[in-house]
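Next come the structures, one after another.
You will see chain A twice below: alongside chain B first, and alongside chain C after that.
And then the complex of A and B:
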């Protein structure tokens, strides 16, 4: 897009200015993405320098250290024992022994098979089905390999610590003639380094229960782990980017015939389309209708303000899933709406199963019911905080109510609501409750080109749920999880970096 | 922060860490437990019989104990899929899960003396249903009661044009619906009852009583109640909008589908089933896709819910489906005497399975009856036998469970055999009768079937009347309905059902692993067809016969299937 000068811009009509701004926003997105990617090497470089700097101490220690320091690379803690630092020495040595035992009896056998995820198939007696050879368990190999890698990374850190410790002992001893004793260490752990003591346990659980499983699940996207290859009776293996290719382009050879790749991509794009459509619709309708309701309630002429707010708060107070289940019953064929229609002699409507557009419309309407009160409450808070003198000044300058709304109220609200809109948008992309509880993800009119488990009202997240819980299609589900992350991250980062509250942080302060 | 607090915090964290490790180690050293999975509502029965079995086989159990856990029909598969080793040793599952369970390696082959036990003690069709495509049996037959047939109230049809007073009813009495009756015959018969009020005796459940002291107490009891109804307003229900029931038409007119397995029993391929989709003539154009089969399905469905004279939706047909207006709920509305409003349109007949038998028996009292499904008719008067799914429950033995695999090598065979013995025991006559008494579960055990009560159960008799006539399973000799062909390195099970016109007997087909997209098109089809005929769709004013909307719909679905296959 051609960049225009300020003079040219100012000479445009208002409509054209708005259009120019709108276009330039979207035109700037590719460049912004490009900039971000171009900055990556630099970012990685800085990260690498930080890590490298820490490990760099190792090189100094080996190069300038004496024989005691160097030997402690082989026998951990030797550098401690040599300087009568018995407590630390024992800990380092014990860690080394435990690590060697761990690798010999546990880690190595899994890590050694990580490249194929196992090649010994379970063998059974053909007459009894008794298991003769248990065979490799791809699942265990992948999971425990991740655990082993985490342990190895930690061990590398301990190893460097051990040598650097020996080296600093060597240097320190030559000056002070004594190294820190166990008592000193304990004192340190309880004072200067108390943050490390207190964070050790949570960090450990974080690694074991979050990081290792997360790595595991990301790697599943590159395997063919699904209902046809469930261990231990079957093996699964690496398939590279086949699953991504299947989901994104419909071209993949490595998949089993039960589900052809074309179907995955058809379903993915269809569901992604509806997910984005839904997220935009739900966010925009909630924002504007919520804003209008908030403005109405905050109008000076409105009576019983507290009552209206209480009504809205009541909706927020009822758990969302209860509201949704209730509404889904109300929209049932024999629900209250149809009963009323029937009793009035009007034809009944199958609200959620008649057609996809009607069902989608109903979902958006129901979402207003559960979502608007939140927006109203937020907006009310903002509206009450807009200084009255702004309006007074505007009035004196002869501004009409519309002008005041467009120039004062709206910018003020958007400034505050901007970041929360992102969370709402992202929340709507992953709005499992409303889709699943209201419709189960399908009108029941689903077209036969959709992949297994998917329905025409499914969001990516509900499809993912169905794929894992009912379909055991873990490979594709993992791909979906990664893609959802990318979609969400993309929108969050782009929008966040371009909204007023971030760009013009000082404006309203 | 004070030093003392810091120390305490450290100690607490250390204790948490140690406690975590200890509890994990303790869990690993648990005593061996043999899990048994089955339905929740049979928990007490299973626990009683498991205790007896444990007493009798104390020495062979090696200190292991039994633990029963409830699991739904598909629950067993989901739980087993996570880890067969920690799964049940012996468990019940529906036969459509057999290929999946086998793929998990969670089913031990049943052969030798064990198979002999099955063949001697269980009904043949159920034993056949335990065989996989490779011809070997992988489970013990537990229940043979999952299918649908026609329930009806005799007083609604007695003396009408559909009634055959000389025919033997399955319950042993004289008089039944005529052979080869159609849905339209039922509607005609009901209208013949116009102007008459018929009285029959129902049994009503009474929960509320007044005791001697005048105090209200809770006590469940049945009482007889005289019910007078105008049967011309009666309704017949058949869930056209539910694909499980809609399949009855699909198979009747010759709809096919096929499932492919490799030698490990993994499903490698499946055709989306639609009318005539198997494409016997290698057709390249959509018009060659056995269009007549689709047309027959449309016409049979249409003719089953409309009146012959007007071609309009019959006033005596009550529409039900799988979700919006579920069959089971509707039957309860219409048979529940507390819901008096439905007396104006009483239920005269319904297509359903054994799970509604007890309820209907109470509602219809001595006039309760069940019989085989009606026949279907296309516009040219060609008749097709309506079919159903034959669903079975099996008892499987898991050779990977920890009770077997954690034992020393030399003990493993004995332990596995013990599980086989347990499975046989749990499919035995005594416990089968107990299960029948509790929930009406229809046994596959011959001895149990000979039990006085069960032998007179009209619902099971009607169901068996259907099973016995054609139910064949792949691989059996002389089977014309299924084809088992071995291609290079793979096995292909082609499930075929030629549209057999009336005369070849009633049919059902076993519900094994159906292709993923089997259900939706059929449900869609039934739903849309009903909407169209009842005038509830957007094109309400259009006449079904003159505007072939359904035909176009059918073509669209066929096109969908074709594009998906490409």
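And then the complex of A and C:
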């Protein structure tokens, strides 16, 4: 896009200025993304420097520490016992013993097989179906390896902490002749280190039930784990980028479902298109209609505000699986809407099964029904927050209601709603409920080119769900998950790089 | 007096207002109609399937009786227990995380926030296969313990939802903390005796959100308890399976509606009592952007 000078910009009409701003926002996106990628090495460099600096303390401790400090690298907590920090010492030592036991009896056997994901196939007696050779379980190997790696990373941190602790004891002892006692520690955990206390339990659940499973599934995308290779009867193994090739380009060689590769990619691009189309439509319609309804309800002269709001909020309160299932039954061929049409002598329509465009239109309409109340609630809050003196000042200056709306209300609302738009957009990309509960992801019209489990109304997330629950195509499902992440990250990146309020959080306080 | 005159409503404004009232009535009807239909179906006596008219010919409680003769009470209690436990624990986790990230400055804070932002971009369902296996290894699938497993799943990602609460805490003046600290209060004491009493709207909003989430969840619950015994289902799974396939619609539709009414009752009551806080809470967090 051509850059224009300030003078040229000022000489444009208002509409053209707005259009110019709109265009330049999108035109600058590639450059912004390029900048972000160019800054990556720098970012990693800084991250490396931080971690390096942290371990650098370790080097100091080894180099300048006395024999007590050095010995505590071997026997953790020795540096604590030596300076009468019994509580800490026991914790460190106990952790070391548990870690060693964990690695010898549990971690090592899995970690050792990570490169092939197991090579001993399970054998059964063909007559009695009894298991003769247990064989390797690729799933356990991969999963428990991830768990072990998480434990090792955590152990490295504890290890450095233990030596640094010993070293600081040594330094502190020479000055104060006393190291922090257990009582001090507990006091610290409620005061300056309160964050450690309160983040410990959530972090643990986050690691075990979110991070480890995610790492596992990301790695599954590089294996051939699907219904043909289900452990423990079968083994699965690494296949590199074959799954990605199958989904993105339709070419794959070593894959068990290789003959389906063309279908995978056809389905993926089709579903991706509809997902983005849906997310844009749903976000934009929701925002505009929600804003209009909120403005209507909150108009100064309108009475019974609470009643109108209550009518809308009912939809927010009723669980979606009820309201959406109900609406899907109402839109059914024999549902109440068609009955009403029939009784009025009008032709009936099979809303969700006649054709894909009609079904998509209905989905967007039903989404309005579900989503507008949320927007109205948020907008109501914002409208109540706009200071009245702004309007009074405008009135004194002779502004008409239209002008006040365009110059005060709208900018204020967009300022607050703008950042939340991306959250809504991302939420819509992953909007499982509305598609799955309303339509099941398909109009029922056959499209023979679609891959198994996919319907013509599926979003990426519902396709992923079906592939996992019904299809057991875990390898392709994992690839989809990673691709969803990339799509979401792409859009978030655009917005986060352009919104100052995210960066300068300290400015607000 | 001349000023007063100008503020009086002109006929033009009256017409606009009437127009808006008509529009609002239409909107309200559109939004409430499905629920009226739900209630009418729940009390309909003559047919258990779909019918071609709106107003039922006979009213009855049979649908509710039939519902409770089945396993619905178990499902309802399962859901209730899960939702209550999860909402309490999740609210605690969310508020504490938000407090730590809003008020305390520690090493790795920025990194933690960025990390959680990135983590949140992965679809939550992706890890389910693995979680299923983990829960299975802990003997939490296909038994009463699957309820506990489901709770663990709902609790696990909570930490990442700290944004709104953090935005709220950011608006509470820091000089309060400093004054308390000078008086010798610890961080823990500040949180429980100063910040929490000031945060009623956000507490209620978080509680409500954390309650409604598990209460209406289908996606996760179906994977964990959907295929197991009927005793361990949640209300969402049980009711969905009632109207899942075509022959079942004609047999169970009114029963489903009755179940829908009962399941909706609790969240609706909660919303109506807490609506005041809800609106305030939404603003408190979102003004920060």
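The rule is simple: the second predicted complex is superposed on the first by the 376 of 509 C-alpha atoms of A that agree within 3 Å, B and C clash if a C-alpha of one lies under 4 Å from a C-alpha of the other, contacts with A are read in each partner's own complex, and residues count from 1 in each chain.
By our rule, contacts are C-beta pairs under 8 Å (C-beta built on N, C-alpha and C of every residue); 3 or more make two chains touch, one makes a residue touch a chain.
Here the structure is a predicted model, which is why all the values come from computation and not from measurement.
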Touched partner set for A:11, first chain B, second chain C, both or neither: neither
Touching partner for A:432 - first (chain B), second (chain C), both, neither: second
Partner chain(s) touched by A:134 [first = chain B, second = chain C, both, neither]: first
Chain B versus chain C as contact partner of A:251, first or second or both or neither: neither
Which of chain B and chain C A:190 touches, first, second, both or neither: both
Touched partner set for A:400, first chain B, second chain C, both or neither: neither
Partner chain in contact with A:123 - chain B first, chain C second, else both or neither: neither
Partner chain in contact with A:199 - chain B first, chain C second, else both or neither: second
Contact breadth on chain A, by residue count: chain C or chain B: C
Touching partner for A:353 - first (chain B), second (chain C), both, neither: first
Common interface residues of chain A - those touching chain B in one complex and chain C in the other: 190, 194, 197-198, 201, 332, 334, 469
Chain C residues touching chain A - in the complex, by the definition given at the top: 9, 13, 17, 20-21, 23-24, 27-28, 30-32, 34-35, 37-38, 50-54, 93, 96-97, 99-100, 104, 106, 109, 117-119, 121-131, 133-134, 152-153, 155-160, 170-171, 174, 186-189, 191, 212, 215-216, 218-219, 222-223, 236, 239-240, 243, 249, 253, 256-257, 260, 263-264, 267-268, 270-272, 275, 278-280, 282-283, 286-289
Residues of chain A touching chain B in the complex: 122, 124, 126-131, 134, 189-190, 194, 197-198, 200-201, 204, 227-228, 230, 232-234, 256-260, 262-263, 332-334, 347-348, 350, 353, 444-453, 469-470, 472
Complex contact set, residues of chain B against chain A: 1, 3, 6-7, 9-10, 13, 16-17, 74, 78, 81, 84-85, 100, 103-109, 111-112, 260, 264, 266-270, 272, 322-325, 399-400, 404-405, 412-413, 416, 516-517, 520-521, 523-524, 527, 536, 540, 557, 560-561, 563-564, 566
Partner chain C, residues of chain A touching it in the complex: 139, 143, 187, 190-195, 197-199, 201-203, 205-206, 208-214, 216-217, 220, 293, 296-297, 299, 301-302, 307-323, 325-327, 329-330, 332, 334-336, 339-340, 342-343, 369, 373, 377-378, 380-382, 384-385, 415-416, 418-420, 426, 430, 432-433, 436-437, 461, 464-465, 468-469, 474, 477-478, 481, 484-485, 488-489, 492, 499, 501-502, 505, 508-509
